[in-house]
Amino acid sequence: MDRFDWKPFAVLSVLLGYLFVFGKLYTLMLLTRAGMYCIVTIGMCLLVGYAGQVSIGHAAFYAIGGYTSAILTIRYGVPLWGGLVCAVALSCAVAFLIGIPTLRLRGHYLAMATLGFGVIVYSLIHSSIEFTGGSSGISGAPPLTLFGTNLAEDGGIFYFLFVWINVAVFMLLAGNIIRSRPGRALMSIHGNEEAANAAGVNTSAFKLKVFVLSAGMAAYAGFLYVHYDGFIGANSAELMLSVIFVAMVAVGGMANLWGTLCATVLLSLLPEFLRRTQKVKAADLPDFIHNSLGLSDTQIFKLIQKFQELDVLIYGLIIIVFMIFMPQGIFTGTADMFRTLARRVRAVRGKRRVSDAS
Amino acid sequence: MLKKRIITLGLLLALAAFAGSMVGCKAAKQAREKGTEAAKNIKEKVGGEAKGEAIKIGAIFSVTGKASFLGEPEKKTVEMLEEQINAAGGINGSPIDVIVYDDEGDEAKTQELAKKLIFEDEVVAIIGPSRSGNTMAIKDFMGQNKTVLISAAAAEAIVEPLNPWVFKTPQKDSYVARHLLQQMQDAGITKIAVLYGNEAFGQEGLKQIKAYAADHGVQIAAELAYEPAATEGDLETLLTKVKADASLQAAINWTILPAQSIVPKKMKELGIKIPLYQSHGFGNIKYVEAAGDAANGIIFAGGRLLVAHNLPDGDPQKKVLVDYKEAYESRFAEEVSTFGGHAYDALWIVVNAIKEAGTDKAAIRDAIENSTFIGTGGVFKFTPTDHNGLGMDSLSLLTVKNGSFALLEQ
Amino acid sequence: MSLLSQIIQFTFSGLANGGTYILVALGLNIIYNATGIINFAQGEFAVFGSFIMITLCMAWGIPAPVAFPITVLALAGIGALFHRTAIAPLKKPSVITMVIITIGGSIFMRGVAMLIWGKYPQRLDPFIDAPPIRFMDAIIKWDTLLVLVIVALVVAALYWFFEKTVTGKAMRACAENREAALLMGINVDRIVLLSFALSAALGAVAGVVYTPGASMEYGRGPYFGLRGFEVAIIGGLGNSVGAVLAGILIGLFETFSAGFLSPTYKEAITLALLLLVLFVKPSGILGKAEVARLKDF
Amino acid sequence: MSDTLLDVRDLGKRFGGLQAVDGVSFQVRSGHVKSIIGPNGAGKTTIFNMVAGAFPPSAGSIMFQGRDIASMPSHEITRLGIARTFQNVKLFRGMSAIQNVMVGRHCRTRTGFLGAALRMPHAISEERRIRAAALEHLEFVGLSDIAATDAHSLAFGQQKTLEIARALATEPKLLLLDEPAAGLNTRETEEIAQLICRIRDTGVTVLLVEHDMSLVMNISDEVMVLDFGSKLAEGLPREVQNDPEVIRVYLGAEYVAE
């Protein structure tokens, strides 16, 4: 059970290899973004899923990472690796300072405090126009180069590869962590903090450590983001993004790294699926719709528009449905579903056999 | 021991997959290139010339989300124009295909969509985005990938500093600021308060007012920002501060937010009698409706589209404006706004350039840089150093009379 | 305008805002007491209440005194529906599950509001269309006074409900000790349903008192929710008296900080106040430390 | 005096208006099994919590091997060698039996995030040692066959035993057992009694809170009786059993009168 499981990694590499060769460019770009989110959610999975400490403010660390590196590299000509080090270091330092008082809180209090922290960071970024560019954001961040190649070139297929190799490495490291002493300590905090303390786990130290770790990972993802797009805006610190990060971990089944990975990819692609309907134009609709409904172009335009706006609603709905029907997460949930299905099929077959025999 | 071997195997596999995909990538890239070449060959063989092949033009607007009031009329306008142009035979016989995407006002989304348009849809040029922030997010990117962008957003920063590939159609913020300040100077106003929405548009506006205020002998006594999510109560608080300073002679409110309707209402409520100036963001009749009586007498600078029918017959823009206004209003049963006009201009500028120079991206850019065009925003005269192409005269001072827009009589 | 009249002006707009926050916070408290859940969709109840009121008054021309109770009842129904569809199906939810699910509910309701009422802000005419009271240089709208009266009445009615009626007492018993209430023969499930309905109805009142003479847009929910949380937590989660005091405090603090400091950092300043309270006294200004310890999971 | 492991002096604890523990002093000698008995609410668990560091005492001192541990955090106390179980079992949700016990090894091991993430050689060998030790402890309490089972799906008696195994995994010098027999049937209680004796035989001192009198009287070397937060009696089991005050508290005043 505690053994290293290489199978998902094999599946992942085959999948990535396939996509890299045959995937459409736009798909790769979406997956690149999803990969950056994965790096955030892997850290969040350790914090929220394993250690059981909710944070509804992690977009703040993502933004801090991105902004730090952007400001340093653009305005002060700091080399990229310097931007990276400062981004992660600043984010970790902020997490450390804010974590000391915050992590003493539990349950809803912790959720509210992290939420408050996130909104404060957003509002500071948004209002400090001189420093962060306000809502115009900062543009012109140099693209990430590795061994002399600009990874963001050609729409960034190499960036895709780079980000996902990062994801794989983080999955490996996070998997190693949860299968050993510190991982068990985190799980014990989630299981029962008092008992964990009594069993000799310094729970406050471990909560702080994993909080700082996840903040650092979020900052790293923010760094990857800003040197991919060359731009960062205040949206990257928005409350909604923090919420989505937590939702990704929850839909993934909380203490489940691979589940989190799947949920992150699915939830970040979801708006894209919902947007498929948007290319429909009023004029493209067959005539009989115009005739039979007796609607004018404007009315039909409005109707289409309404359906296009459904995506917000559907997003909310999907989160609710997942939490109600698959609280154990997308991975275990689907597996359970197939198992029940198989059992039913077997039962039906068994009955048939019995009735055949009689 | 077994564990170790499995790990090693896994790592090797991953390495192999990585190496394989690197090789595969090159192969795929070559295949892609070959594919497009092959397609070109086929096209040439079949059609002789690429006649009948649709010319793809990209568009990114904030159709949903916070800035949907910008993106919605823009999208409608572009779709209407596409039909009109194709019905009239397209460009030199080729139909145009305008691919409109919605960025929801989110900069990251704009980035993705711009990439999608350039690399996957292979458009020859892009119009939009609706918002300044979103435009700034792809400004550098467009230059790197050498594709023309004609923004429908106002901020001066889009064309200053100049990016050879980025243009914009809305009048410069500084023109609006100078028009308003000139009017104040004429009216003998010397001390004002500036209210602005704390977002890209408002922040840019404040910058321009500050830059030109001294030239017109106007002193800014107070800079009052409010958040995009500001409530009525917040604005009441701000205006109480305006009211508290009796020496103020006027107030400017610079935003594209609903606050444009709330501020006049609250001023009326609080009994603040000084004149209110607003930005070109006020060019949507819905804001006038929302403000009710309080909107009357507001002075703002805007394009002539809003007063198309009232223009003198000799005005060069009159025909364009009236035609667009009537086509839009009869088709969509709602009043036209200047924002749709910006998209109108952007699309026509691209189409005209393609007509002249063909579908080569660099040729399109050069064609635009040497073009003139009579649009809804004014008479555009682009040059290699002026990527907005509009002068001060592209704007008029407007006001609200009995709930509708009118030219301000001097 | 003298400093004094500015202070008066700020005080009244602060109190009017505070009144709305109090109602949202009380709604949060009721659900929290009955279930231990913080309902992140509480702000959306206010938005729905406001929009329904606007539709009834502005589009259908129903007079406000009639439309008001209809709105409140409609929202009670929506609250009950929310509980039945999103909350009740869960067997043993963890805090995180509940947080996510109510956030999902809030996103969903926002989508519905946008679909029904569109993206543009909608307006509601003032309830009392009379010239405002002038006091020194300050302008006090009649609606502001009406709002304060309504908030006071609602708070009083709630007090009566929880202290004097059997159902109210049963709800309180539930809040104190679920198992014991169950043993006493109280139908806990019905009480929880009722608390959702009541809380949504309070949300409706909050939305309605916020809107007259102002406007409402579909994205306002999180704002109400956030202010509601601040007030509820600063007052001590589950503590109604605390919520009333904290509501007044936050309302005034917000307006005065916007008026005399900078409105730009208003959000950051009020939230910093929340964090300060959480770090120093998580049980809130009136909460007891032990209560907080018992209630968190 | 040299073999006094735990020396508690004038211990007091106040919760708001309630004086839960009031000036209690006692010693626990190395290698002994000492029991604390008393009616519900007498303050037994409160004393436990203070010794284990769950919360600090309001007054008094707790000396463990000559060190004052009165306001130390509980994980440090555990490292010094005091382990505990809980009245209502507190196992870690979502972890198997052996993982629960492995958490007990936490304070005796060192691997951090970095070492674990990179699978450093020392981390791997330490992990192996943790597992081996945990298995040994499971074997000791007789649960080795359910090592991989999810802790929360175990039978109640097994859960209680598992909690003892987890406590033992911290290598305590002093083991605090909070009502280990509560909720168990006679056979299970007998097994627990044997287990406690075996634990004592390995040299671990045991401090026990228990309601089951036969268990207490059979295995204790010394018994202390609490009532309303103060010490009522202390001594050998037989002495305490015959103490009229204790009989009054336990059986009611009329028995004494007889």
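Letters A, B, C and D mark the chains in the order given here, with residues in each chain numbered from 1 onward.
Convention: a contact is a pair of C-beta atoms (placed from the backbone, for glycine too) under 8 Å apart; a residue touches a chain by one contact, two chains touch by 3 or more.
Being a predicted model, the structure only gives us computed values, none of them experimental.
Participant: Which chains does subunit C share as contact partners with subunit D?
Facilitator: Looking at subunit D and subunit C together, the chains touching each of them are A.
Participant: Report back the single chain whose CA centre is most distant from the CA centre of subunit B.
Facilitator: In terms of C-alpha centroids, the chain at the greatest distance from subunit B is D.
Participant: Between subunit B and subunit D, what is the separation of their C-alpha centroids in Å?
Facilitator: One centre to the other, that is 72 Å.
Participant: When the centre of a chain is set as the mean of its C-alpha atoms, what distance in Å lies between subunit A and subunit D?
Facilitator: Subunit A and subunit D have C-alpha centres separated by 43 Å.
Participant: Counting in whole Å, what is the centre-to-centre distance of subunit A and subunit B, each centre being its mean C-alpha position?
Facilitator: 31
Participant: Suppose each chain is reduced to the average of its Cα coordinates; what separation in Å results between subunit B and subunit C?
Facilitator: Their C-alpha centroids are separated by 38 Å.
Participant: Please set out, as single numbers or ranges, the residues of subunit B touching at least two other chains.
Facilitator: 64, 198, 225, 227
Participant: Counting only residues that touch at least two other chains, what does the list for subunit C look like?
Facilitator: 264, 267
Participant: Which positions of subunit D touch subunit A when the two form their complex?
Facilitator: Counting only subunit D, the residues touching subunit A are 52-54, 73-76, 78-79, 83-84, 86, 90-96, 99, 102-113, 116-119, 123, 126-127, 130-131, 148, 166-167, 169-170.
Participant: For the complex, give me every residue of subunit B touching subunit A.
Facilitator: Listed in rising order, the residues of subunit B that touch subunit A are 3, 6-7, 9-10, 13-14, 17-18, 20-21, 24-25, 27-28, 63-64, 72, 76, 79, 83, 99, 101-102, 106-108, 111-112, 115-116, 118-120, 132-133, 136-141, 155, 157, 198-200, 203-204, 225, 227-228, 331-334.
Participant: Across the complex, what residues on subunit A touch subunit D?
Facilitator: On the subunit A side, the touching residues are 1-2, 173-174, 176-177, 179-185, 187-188, 190-192, 194-203, 209, 213, 255.
Participant: Under the touch definition given earlier, write down the residues of subunit C that touch subunit B in their complex.
Facilitator: 1, 6, 9-10, 13-14, 16-17, 119-121, 123, 132, 137, 139, 141, 213-215, 217, 219-220, 223, 255, 258-259, 262-264, 266-267
Participant: Which part of subunit C faces subunit A closely enough to touch in the complex?
Facilitator: 38, 86, 89-90, 93, 95-97, 99-101, 103-112, 114-115, 222, 226, 229-230, 233, 237, 264-265, 267-268, 271-272, 274-275, 278-279, 282, 292, 296-297
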